[in-house]
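Each chain gets a letter, A, B and C, in the order it is written, and its residues are counted from 1.
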Amino acid sequence: MLKTKRKLGLIVNPIAGMGGRVGLKGTDGESTVQKAMELGALSVSPDRTVEALKVIACSDNDIDLVTYPSDMGEEESRRLGLKPTVIGTIERNHTTAHDTKKAARDMLKSRVDLVLFAGGDGTARDICEAIAQNVPALGIPAGVKIHSGVFAVNPRKAGELALNFLQGQAPLHEAEVMDIDEDAFRRNRVSARLYGYLRVPYEKQLVQDVKSGSFDTMDERRSQEAIAAHVVDRMDSKYYYVLGPGTTVKAIADKLGIGKTLLGVDVVRGGKVVAKDLNEKQLLRLLEGNRAKLILSPIGGQGFVLGRGNQQISPDVIRRIGKSNITIVATLSKLSSIGLGRPLLVDTGEPEVDKMLSGYMRVVTGYNEEIMLEIST
Amino acid sequence: MPVHHYIPNSVPEIKREMLKEIGVKNAEEIFAVIPEGIKCKRRLRLPHSSPEHEVKKAIETILSRNKTCNEVTSFLGAGCWPHYVPAVCDEVNSRSEFLTAYTGEVYSDLGRYQALFEFQSMIGDLVAMDAVSFPLYDWATAASDAGRMALIITGRREILVPRTMSPERLSVIRACCGDSAVIRQVDYNAGSGQLDLEDLEKKISSKTAAVYLENPSYLGFIETAGDDVSDIAHKHGALSIVGVEPLSLGMLTPPGEYGADIVCGEGQPLGMHMSFGGALLGFLAFHDDLKFVSATGHRLVSLAATKREGEFGFAYVLPERTMFAAREKTATITGTASVLWAITAAVYMSLLGPSGLRKLAQVIMQRCYYAAKLLSCIKGLKAPIFSSPHFEEFTVNFGNRKVHDVNSALLKQGIQGGKDLSYEFPELGNSALYCVTEVHAKEDIERLATILDGVVE
Amino acid sequence: MKAEEAHAYRAVTWNEPIIYALGRKGRQGFAIPEVEKDVKKAAGLALTYVPEKMLRKEIELPELSEPEVVRHFLRLSQETFGVDSGINVGVGTCTMKYNPKINEMLARSSKAIDIHPLQDAECVQGILELMYKLKGWLCEISGMDDLSFQPRGGAHAVFTNACIIKAYHKLINEQEERDEIITTVLSHPCNGGSPAVAGFKIITLYPNPETGIPSIEALKAAVSKHTAGLMITNPYDTGVFDINIEEYVKTIHEVGGLVAIDQANANCVLGRLRIGDSGVDLCHFNLHKTFSTPHGSCGPGSAPILVKEELSQFLPVPTVEFDGHRYYLDYDRPNSIGKVGEFYGVVPNVIRAYAWIMSVGGEGLEEVSETAVVNNNYLIKKLLKIRGVSLPWGELSPLRMHEVRLSLEKMKQDTGIGIEDVNRRIVDFGIQRCFTSHEPWIVKEPFTPEPTEACTKEDLDRFAEVFRQISDEAYANPEMIREAPHNCSISKVDLSPSTDPKKWAMTWRAYVRKHR
């Protein structure tokens, strides 16, 4: 039996989550961290990390643990009696985003099989910036802001999923890294931006899956291809198609043989690109007097189909297109990371439009396969 | 309601104890969830409970109205054939462990997984293919699954089948492949019955997913140009599917050696009693190749090691492919099919071994040939209709005598004549399909010839 | 039964080699009778008509004598765990009830097995009568009008019903439009898979998180002029009865669709609910579940479909009919969907089911369903007292029908031990492992017991006791469970061949080619 030693890279953002307990929303920026510490905030992510690592420590698997010094992973590992390989250096007393990115890049260089990180959306963004999709990653939730789909549901699950993946038992899918406009957030307005994607392991049995046991993004890609074929077969050249962000919607463009911005809203018609990466104003101008359909996919770990990562599709745009012309697409692995059967959410900013969208809608999950999900606010 | 011997907890005292533990007064409280409107309004109109000896007597009385093939000499085949079943076969499939097990894991059920693997292995050797699937319902559904595999592998929609194939199987393939496949028939050579290769060349195209051949043919003759058929299929990028009666492979070259990509067939002759057509065993074998494996949704059992040195167990190949994990994406409608028969077939093949199977095939062919020879001597009869060599079955033409009338006359003499082919193959006139195997003694065959001689005069 | 005695079980362990490693060249287990001299003389040339290329060179098969074959398979049977072997109450959805032995005697009698399906009707009146009468009984039990025995298993039956739905819409000229089937994710996977094979588009409803059944709003949003029908299992494998059934039927009929119910779980409604009475148009039974025919190590089963009168014309041919004097096979059905399998179905199981119904009788069916649900709810009460076990949707409804889906999620969270580990450990006690769930696992760490009416109270107590012991182990000494099984015929299997084409081997020849 294959017994090549698997390498796990561990990065802890020790200040993630500190803001939450003392009523702050996130710990980005040095001034906020100062404030948090003044308010007596305690570090949350180290404990969460230990919880996750416990699962791995208790297994009889031979896994090489690679981590960064002191509270970026070394301390947490030693607390469990693990003997990690410590790489890199930290210059300052408390760590910053710079350190997270450096650590991630060093992990990539060390050829780890998985980067397990503890933190929040901000940490995820840093990891993503450093490694993109070059190596799989998984988040231990320890931040206040968790809108990204790259986190396990709790620390213990993160440990299990990491272990499963290293044992070759968990497939990968692409999950969104979201980040929120911090200032807006602190003023009680939620406005999430789609930042990028990471390849993240997921639990097989919670999901119906396609074919081949190859533990790769192949599984999810096949689903996306099937969804794309389903949508393309029904396309009508008389309509403009407004394509939202995300990898599943991009698969539709791939099927048509055209390019698409991964993070933005594009418009196509008759199988050809009309315009790319439009904002609300541009969209409204384009839709003037034209029939259009909208294709959306849930973004992030909470299942928002409108209101996070695609705010260009404003209430006006939605009203212009009309509910019956909206198609939602999502792979089952995506839906399972949100919670299979759970409602999808909308937050357009206008309660009337939200209400119009509420109720059950079809979600395309494969070729000639749809499920009914509730859309709720 | 008195206590029933199949229901241990029907004893009122026991039930009371249990209801108390549940915390309800009576079972009606549990059934309260069923909407009143749809509950039964009346007692079911069924007989009262009967003790065992009454059940036995009643059913035996009804069954006594059957005249078995021990009481009537039957020459019927056509998808269900009479063969001698060794006592060991029934001994093993009566073992209550095999009989009453279902889908336990390999730890508790090692025996049935191993028996199944041995069945797969022996079928693999018999047809010369390396991958064999979980047992299926019957030849017809196995052929449908083979067709669907070809559609998936090639991405094409057309399947070419011989005009001489079993009409029942064709009906099933049409129903099971439905709108996803276009099924077209290829003509046969009027003299030999063989698949008309010219017509095949004419009909095959880049739209063809597979060419399906039955060997021996439904009409009993051996298709001798299987290699040419496979070549033609492959030349056009199509797959070659061959359906077989496995006993013929005791002496005939297996399809795996003449270019078949997928082999299917009927395992009933491998130790199953005819049972009014109710004991069928479909099997499916194909190249041990990821492309083929991915195209089938059946469970596939593989040999595997365990954590103990030198020990072995079993595991399922790519379990995500199956219905149980992939729901709508699967290409099969087979679930609980026929494992007990697969185990029986493994026993049968173990008992006969290579020399037994070879000998049996020869004996069948010899008896079949003898019968055809005797019948062909009868004035007005032509047997067989086709000039090719035959195995186990052959066609008989009765000139201007209707098969129905011939069979009625035969039955009065305690003989069940062959299957009437006049509706399925009107171009063959008044013809029937006669089956002769190792169970037909010389006297049976000669008696048939004598009586037929009298009947057609 | 004391807990200490639990460790007394040890499975038979023969380390029996694969049969290819047994026997010796030249041995034979069966003698083929010689042909007579005259036959040999006349037919001698028969073989020479076969072209050389079609004559087989050799067959590589094991060569064993009869006693060797008997011993080998007897040993394998001893390493198999059936209903007769021990407790199977954990094996839900399969309805592992007792398989009466008188049924075996009758189904294996010469009058039952030595008949050919194409024999003249005169010669097979007996078997036709049994088929006809069982048809009548099953129609009476389900409130339906007509039946076909042709489908062999549940997936086959659901497929056949999907074909009938298709044929129905074709006849009324709406087939083009009617291309969608609605199902629910907690129905058996074939309720989506089989109609997909029949060419339908599938729309799946998910259960409401509080109730465990879909909401009517979801169904109403899913129906349209494209709806051909609804195909679901009721009650679900979770043991929850879908009380919306009447509303579903109304909604589907209103848009012109048909409703088909998978009655694999009919064991809890026998004598209490005739599904036809609720307006349902098609259904099927699993004789190897509800009607006591044995599971046969996974087949043969039997899954007759039943339909309302107006759909009778579409049934597969032939059907068994009676003209007042004689029983006969009716092929004169021009609107039939054709055939879905060769001949008529799993006839030996018709005999077994008939015998079982005779034995329990009409009133006995009510006893069956009552005892089945009492057994199940008693077991639930006991299992819920065990640490780590929880009942999904339990707050709203603590009772279930004949089976129940429970969850070990709490145990998994607390100890890291989940259902797959527990299943490998429970077999150490001489108890069959639990059925988990079809995928996707809507319920996390699921297990689905189904006692049936045929187990004893002692079985249930023992099962609960062993489960409690395993739970204690999970919290105190999980290593014991992780490395299980310890008392079975083999140890933990290395699953790597599952996904590696270079390693897997479905035949001995493939194994030799790849590994030797």
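Just so we're on the same page, contacts are C-beta pairs under 8 Å (C-beta built on N, C-alpha and C of every residue); 3 or more make two chains touch, one makes a residue touch a chain.
Only a predicted model underlies this, so the values are computations on that prediction, with no experimental measurement involved.
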item	value
Centroid-based (C-alpha) most distant chain relative to chain B	A
Which of A-C and B-C has more C-beta pairs touching across its chains	B-C
Chain closest to the assembly centre - both centres taken as Cα means	C
Whole-Å gap between the CA centroids of chain A and chain B	51
Centre distance in Å when chain A and chain C are each reduced to the mean of their C-alpha atoms	40
Computed distance of Cα centres, chain C from chain B, in Å	19
Set of chain C residues in contact with two or more other chains	196, 202, 439, 494, 496, 498-499
Sites on chain A at which at least two other chains make contact	1, 208, 213, 368-369
Sequence positions of chain B contacting 2 or more other chains	290, 305, 318-319, 325-329
Interfacial residue positions of chain A with respect to chain C in the complex	1-2, 55, 58, 156, 160, 168, 205-208, 213-215, 332, 336, 340-342, 359-362, 365, 368-374
Chain A partner contacts - residues on chain C that touch it in the complex	185, 196, 200-207, 209, 214, 217-222, 413, 416, 439-442, 444, 494, 496, 498-499
